[in-house]
């Protein structure tokens, strides 16, 4: 069975800005999904902010292996209920790939537990992305560097937790560096942050960027069944202990009580 | 200057339950603070849920190096505003030590980004805590094991992010294991989760537990000044670039705009 | 193409001990290989200490995706040259799975950089292995615990570097705990340590153990091409710089010199 | 008591090269030690390759809290016996700070278990070191960047294990990036790699570099007593079990046997 991916797009600047529309006439989400669908092992569809429940219903998420997220100017408009739903699915094992300005999305900040802040500059400068681990599945088929002719600069410090792996680091013409590809695990879900992608530049049309997007979806897909009870806190009664024990001493909880949350 | 610590207590079971009151007549928070104050390098005070702003005003937190947290039945009563304030201080560099049932506290779950769930059993069973890294500062002065005669059992899987270090793992009489001491870094703040401490057992009177509490406060204290702008996302204008560059290409942002959040 | 795995066995106790031979008449390596070959995606063969170059020639390793290692009483007899060869292939991307007493193998100790020591007891006691991350690919198809009726005990502290992930922790009847499944990355190679497997017990015949062996081989297999120059330290001449720069100042190296190693 | 540090220097280029001698008339090790001794909490001495046992006798190492290492052209001349001794002390809890070209020192490669390779260029180019975690003790008192006017370039990929923390990342004029400050834990010992320091430039005279050296020594110092038995693998007899158990089943080891290594 194919890896079922959704590319979620905020889909606002594509409508407001002729510059963006000229580069991404069908929306950035459609362009990203087309990159994914070049891999016959991936079946990518799209969802946007404007759809009911932002296109991310319980039923649809339940059948999604990897979610790719792009947002920028409307992070606050994403309903908390939907964000909680996505977070739950990540814990259960759905992969999540957060792109560029999605560093400030609700879902990324909730999963990281940190501000996810950075300094920035929009000057069309040159970015050279360095591969830190050339053997990592996410950079399969990529050389040692990727050059982005015109990019928005993001600068360290990037206030995220130490990653599981630092896969990519960017060099900027103006003198900054940035950890542009990092991985984390939260519950059973794999998370990848990938920096490239400012909307006024044709970055999602670039061959190497598209290759990494496909690799990342494959990497973030975990074949194990969902960890459904990841948030459950069951009481294990004495008589169901693995080893035979006798209850002793004072107690706070009565038989049959559930625990506090 | 001494390390300024606050021990925060929910302070409810001590009032409702004669059993708990008999063990902790002044409250669990007072007992824990007394353990910390045995170290002349630490100046520990207390705060409780019932105080205005739960005793955790901006001003007081600004002068706090390490916060120790104990909660169980009233996690939901802690005001979100105070939780956000504590989280912000952790990002800036305040240490945080979460004890026992505080695995489900708002502050711990927010910083972890995961459910922080586990299975449990209250049967007064024997717990043996194994030291995983005998050279770690948190277990200074402790032998290879700590035996708790009567404990509430917590069982893996404990749904937290992979820690920076696994310091302690518990063995339970009924057959379970649990990672009872783990560290994380979030922003500039060091976090330690320490499992021992169910309120109907005299665990915070136990010598080794008290030693670890003191060690943990020393470990969690970071001498660096607060990282005040950890959540700022400043625009760095072209004319303030580190290297001389010229802006080129299309733009989304006008001069002087702040970025989106 | 199938995942090409080699199961390497010391193959000594099977010959010396009737007890071991009764359990593993074809050797432990053959039993483990049979577990792997139950997965149609894996093509597992064997190699032993007694073969020329221990069965691990350059040519054969070059065509191996994952190496499974079992050794106990003859770690010192493994030629350093072969160990270096294996280490090199791990750096390039070959997966490595070290089983049980292989914690003291030369290859494992070299890759970890630590003593890899532990305390032990051979008493046929009960071991219960707890799954720490139920969503991890290595425990796919496994429940929350695996019970080994008779096991050799290994005790923490296990002096290895902090792992990338702690996947399994064991509980022992005699009161100890042990991190029985851990992962690391070294160069492009993924490493998994898996504790079960003392030779006088039929542990590699147990269904769940065999399932984890297969899962681990799939997990350790990285599809990326080998990182051939992982140990190279090339000089990048000024005229091949990514950005145009002029050499300036004093120099230690003459044109064309290689660097020191 | 002060932190007892040794600065170890290869001490060769200072003798052979007039350029190096002009910058470091007393040797690089003396310059580095002078930086450390500006901190009244540190007592730094020096040792060199040319001394008996390279100045690193068992007795001296036993009374050393942190070892700072600088080597370049004579890594191979360091006696294996001394390297093993240093490694053992790191496992026990001695801090280790490896500088610049010491990435290829025997001790660093042994502790990492990886090639520790990189690409390089000696062109006196500008390096800007970015602080990744401004709250980390190692960068206390440092701003957000350090600018080195003339540096030897080191380029990613740097083949080391994923660090515990990435503290510093360098930007180079010629277009490369490098993780210039990283931490690891091996046994009880803390390790810091710090890139700055090519011998034909006056980098160890630079104020910020000297501040980081002092901070790093404080950070690498662990107050806990040495983990003396870190490499021991004791047999724990049945009668000394923590829980009462009866030995059962077949055995490989006779009573009183030590285990295999």
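Residue numbering begins at 1 within each chain, and the chains themselves are lettered A, B, C and D in the order written.
Keep in mind that, in the parts below, a contact is a pair of C-beta atoms (placed from the backbone, for glycine too) under 8 Å apart; a residue touches a chain by one contact, two chains touch by 3 or more.
Keep in mind that what you see is a predicted model, and the values were worked out from it rather than measured.
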item	value
Higher-contact pair (C-beta pairs counted), A-B versus A-C	A-B
Longest centre-to-centre distance from chain B, chain (CA-based)	C
Distance between chain centroids, defined by C-alpha means - chain A, chain B (Å)	27
Approximate Å spacing (C-alpha centroids) for the pair chain A, chain D	35
Approximate Å spacing (C-alpha centroids) for the pair chain A, chain C	31
Multi-partner residues of chain B (each touching 2 or more other chains)	128, 133-134, 155, 162, 164-165, 175-176, 185, 187, 230, 242
Footprint of chain A on chain B - complex, ascending	13, 17, 19-20, 72-76, 87, 91, 101, 104, 110-115, 117-125, 150, 153, 155, 159, 161-162, 164, 173-176, 184-187, 198-201, 230-238, 241-243, 245-253, 259-261
Complex contacts: residues of chain C adjacent to chain A	92-93, 128, 133-137, 139-140, 145, 164-165, 185, 187-189, 222-227, 230, 242
Residue ranges of chain C touching chain B (in the complex, touch as defined)	128, 130-134, 144, 155-158, 162, 164-166, 169-172, 175-177, 179
